[in-house]
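In what comes next, chain A is part of two complexes: it sits with chain B in the first one and with chain C in the second one.
This part shows the complex of A and B:
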């Protein structure tokens, strides 16, 4: 199964990278009001079971990919 | 100076770059220091040492989050030994990336090791790498790392990091840290007044100007500033004039010596 794991800052958390990017995009003339940054991990797991794969991804977030103090995440099974 | 039998282990992994300065600082104050790569740690026992240092650097290229990969690597390889190490009252010091590692491994600010971090060192509010001298105020001088300082003393030590903004889960967690006297250093103005988030005195936007914290027992400490970079007089900004003989960072290493001398396990 191929998974898409998106990790981003929790709402209300200060995102300096997003703010700097938004400013630069505005300087380039784009009508940008907000940019939020995050990370995307594409993960292949040895499982044919959708639920199992999502459960594993959840655990990956808890153990490594996200820090619950500042990060939210969303999981998705991708077509392979 | 004889500190026979007291040994420090300075751990390193790919991307660590402050291991040598840190071990030189330890040796200068009389603590025998060995630099050990994580790939070789299985052949050693942590319990042969009295101090473990996680030095600064960019372990694993700061991938995922600064300190996250090494932090988890520590849990996989050393969890049981490290728990015992801390339980026995031996010392653990994390500097810069090492502090990030201790937080990501759940070792700080909690007591013991946990899979889920209860604090974070998020990217600096300036959105860039901050490399500058800062002033720190000693908030707790009763830890093994601060015994040679006065409470309220102001130290000048440099920082160099992009992810040092200390965050707790909640206001309540921060209150707990204050109550348990776990906040060891805060960023201040040169005169010792609170920085209250004022840049560049608080270089990263840390909550409550936190620069360094310890566990409840005080034997594990992590700090963003680099004491090993303010050790010799010639490392200080006055090096071209008549520098003082020693930098303020030296006091952390001297405190460890005092602790080792006075305390028998």
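This part shows the complex of A and C:
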């Protein structure tokens, strides 16, 4: 089963990469007021069960992919 | 208008970060066969026009956010 995991900074956390990207886009002439960055993981797990796959992905986020102090994450099962 | 830009490696391109993440997840006991990584940008642009906002985002990808040789990207207007 293929999963999509998106990890983003919680609201209010400082995102220097987003700030630099916004500045560069403005320097290129784009009317940009804010940029926030995040990370996407496309993960294939050996499971045919949707609920089990989501439970595994949740555990992967808690153990490795997301930092519970500063990150939010969202999970989605992708069509294969 | 708020946009979501997702940048991922084109199929067939080597993704060492994804490979390392997959190995770490397997070492933690997860039944993972593949991980691919990507980047998300949430971008606020000063435009009320959906088509113009998407056109700007397309141009941002071509000029800064994506590498045309190795990256694919997808664009989406987010509800505000």
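Here is the rule we use: the second predicted complex is superposed on the first by the 80 of 80 C-alpha atoms of A that agree within 3 Å, B and C clash if a C-alpha of one lies under 4 Å from a C-alpha of the other, contacts with A are read in each partner's own complex, and residues count from 1 in each chain.
As a convention for this text, contacts are C-beta pairs under 8 Å (C-beta built on N, C-alpha and C of every residue); 3 or more make two chains touch, one makes a residue touch a chain.
Keep in mind that this is a model prediction, so the values were computed, not measured.
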**Message:** Just checking: does A:55 make contact with chain B only, chain C only, both, or neither of them? Give me first, second, both or neither.
**Reply:** neither
**Asked** Touch check for A:38: first (chain B), second (chain C), both, or neither?
**Response** second
**Request:** Go through the superposed model and pick first if A:63 touches only chain B, second if only chain C, both, or neither.
**Result:** both
**chain C versus chain B, contacts on chain A by residue** = C
**Message:** Taking the superposition on A as described, I'd like to know which of chain B and chain C A:30 touches: first, second, both or neither.
**Reply:** second
**Prompt:** In the superposed arrangement, which partner chain does A:20 touch: chain B (first), chain C (second), both, or neither?
**Reply:** first
**Asked** Once the shared chain is lined up, is A:6 touching chain B (first), chain C (second), both, or neither of them?
**Response** second
**Prompt:** Touching A:47 in the superposition: chain B (first), chain C (second), both, neither?
**Reply:** second
**Request:** Jot down the residues of chain A that show up as touching in both complexes, chain B in one and chain C in the other.
**Result:** 39, 63-65
**Message:** Please output the residues of chain B touching chain A within their complex, sorted ascending.
**Reply:** 64-65, 68-69, 72, 104, 115-120, 122-127, 165, 167-169, 205
**Fill in**
chain B partner, complex, touching residues on chain A are 13-14, 16-17, 19-20, 39, 62-65, 67-70
**Item:** chain C residues within the chain A interface of the complex
**Value:** 6, 8, 18, 21-22, 24-25, 28, 30-47, 56, 59-60, 63-65
